[in-house]
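For reference, the structure discussed in these notes is given below.
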């Protein structure tokens, strides 16, 4: 970690044996298996979401994060449980990684009264305010300014929590992104800005939308440290976030991390993937899938075998299926409560 | 098909009538033109004749009900018909259930269409206007052109909405006090009725003193003739700018003439000649000479009437009624006396017809018999003037240019006139003519 | 009771509340050494320090967004829009975020925040610094909209606004800043959602907000000399609006005129009139319910044009006379 501001954070352990890196980061076998297991849970949640949608059980649209699981798990295993989080559309994985109750998530997804937001938010607006999860935002970049306020409050209260805000490559071109980075840097606020660059906004390729890449380098304009990481390598994400959170939590101001990843599903359910080829999607799935890659390393190191991996994935599916059962058995919100929650 | 029995319309401006009593009852055999019930309009009570021979059935309204004209109030069943033949939605709840089940619906309508009795003109008109004759109410035995026209008019009328410009507050006050908005003169922009207009309309009937435990000795509902008088007097006094002029006349000569005429009447066994009869004769003569006093203001036109129809304000227990002596200017004193006797006795018996009280052009109100010296009357619209006659008293008067005083019978005549039509000078000239004829009765022979 | 200006009353409320509650802080542009564009926060930097008188870069959306973020984690921010017009820059954070966060998250989040916004014309500031946008803000469920017309109400409502657990748009009128009135020392609140009858009258109910209250009261006094008694109601809070007081008044007077400086089309006068015609007061209306509002134009610069763009005393007088005589 460089002291100088506006310096790229270079993970120091990029070379050498993969599992040796994990050891240097003090990660146990159990922790590594848990990384894998949580990524499986996220993947199964997203696959189930897609299935439920096809079955006509989902009322609105949704934005699935299959393919991006390593960013979620790498990030939320690096931050503290009591840190605050704000995110945007593609947030299912973040919440699962942060430890959300899958049942309540699924119930919200199906618009039920037992959901996190009692059926008011849906897929796009899941929040668990009590767990310092301040919610997913449906406006691209809409949560970024709020992270400044959360950081400001934490600083004023002299607390050692930080605020993590996750957004996409598209959001980085919103005006509030720049305003917020400037303000957070100006006041050295404890905010960790994480840009999940999954290559596309809705359909627009990041290279056609952004004058200069990488996005993370924009941090230099605000005198902030930044990092550009392989978002499909959970260990690299984890390692970078450990570095970044240490910086942010120390009171030296915000950090911007760009994690390059890829989404398998379309932007939302109406997306027919006309802007990219099947080959491109298949190539990412086959060669760069975060779960397959991580599983390969664990198998190679003998941390588990194929049978155990399959068992873990089956258990993940089981958890998701139970969540669907819970959600489907849950009551709809009472119509008489329609106008509640507008004002406190 | 049973013949519908409708509430007849007697008068141009009549909208409803109240059933006073049914003379015939459900199931009674009735004959055409026989009196079936008595109703009261705001002017008179009327006997309503039966529209057909048959059996009275399906009576929908009871004594005391006020019913809009042309509403079906009952039916007359023709031979072979039973209550089952009554239009089904019109059977009152109290009516006995038809004993025979009605035939299937399709057959009924086919039969109904075939049996609709209508004049050829009505059939053609219904065809042209796309009117289903089965829906048209016949006012008589057959549907006429008028019935079809009436149906068309009713169809386009918005239901239950009186097209009077009035504020919501005015409508509320009218609703609360049961005042017909159309009877209230609006003082708002473009004649809109304001709440205050409705309140003022009502105010004469409000008790003047209302204290905590004060109770009226009796409460008389403002209905029928009383209500009509109230409305007419209220609107007349509010809408017509009244002027009143009084003249005092010496009745020595008229009294002498009356004595001579009565001697004549006695010889011929005729009824006595009243002062009122003489005043009608003289007034008719004076009205002919002053046509504006015998007129009506209709919209922006003043109608000067050819006939002189003089109404005589007559007090009945239920209220005031004004029987009319038609073409009084064409009648002899004898004829006037007979007409007056006839009208007065029928008025006391409640037997006046609508024709007896219609088309007056001027009114005389005589309170002389009650010792009233002088008073002002309110004009009876659409007339333009009314003459108020005071009692005859004997009093000393100067009788010549030498200021000699003698006791003479004298009375006051007060003319209330609608100033929009009658100027003060016109009114004065009319009163002077009356004075001339009263003080010199032979003027009428001149 | 001490007299002070509307501006001083608001400052005193902020000052007192920051003394009382350490969660309260100010955030906005040039609110420190400069004291805010109108000097309202003058002296507060020295008293409370730069952390609680938080001067920002010129980034309105993020000022509101940051206020929201801080509110979500327990602070009580009071953000300042230098001019109400700049609120339009922040509509995402205000309308999509602050207004909806509680509802969207099923009642779990609260956003106790105040956004101060000086609005209104009359200072020659032209089209982008003179708007009255209360109707626009009122339309968004989740926001409260407050606009006091007197120093007393300004202090009392500001204290209520800061203590309210919802986002409150606190609209100040620039022409009112120098108006004076009695303001009690110490702590008192004027409740949000309660209107006030500023003047009793039997002939006509006038509902007006901020500077229009002042103008209407002047005209009302003048016409009282001629026997026309106008009742003047200041809603004080545009949302939630206390329509019951207006309904009561219209039931008494039978006539309603709503006056606002905001442009007529889509203006809140329509909302009040709809509330009246849809209530029991309809049956008491003895004249058409009328409105007198700003012209449907941006505020012009030229003094005469600017004056003519919004209702002035003579316009109010003319309208009252028209209603009194039925000449409309």
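Order of writing sets the chain letters: A, B and C. Residues in each chain are counted from 1.
Methods note: a residue touches a chain if its C-beta (ideal position, glycine included) is under 8 Å from a C-beta of that chain, and two chains touch if they have at least 3 such contacts.
Fair warning: this is a prediction, and the values are worked out from it, not measured in the lab.
Considering the contact criterion stated above, no chain is in touch with chain B and with chain C alike.
Each chain's centre was taken as the mean of its CA atoms, and the one lying most distant from chain A is B. Taking the mean of each chain's C-alpha atoms as its centre, the chain lying closest to the overall protein C-alpha centroid is C.
Annotation: 63 Å between the Cα-based centres of chain B and chain C.
As a whole-number value, the distance joining the C-alpha centres of chain A and chain C reads 41 Å.
Centroids of chain A and chain B (each the mean of its C-alpha atoms) stand 90 Å apart.
Chain B contributes residues 167-172, 188-189, 192, 194-196 to its touches with chain C in the complex. Of all residues in chain A, those touching chain C in their complex are 84, 86, 115-121, 125, 127-130, 134-135, 137-139, 142-154, 156-157, 163, 175-176, 179-180, 182-183, 186, 340-344.
Residues of chain C touching chain A in their complex: 25, 27, 51-52, 54, 56-57, 59, 61-62, 64-75, 77, 92-93, 96-97, 101-110, 112, 141-142, 144, 165-166. Contacts from chain C toward chain B in the complex involve residues 254, 282-287, 326-328.
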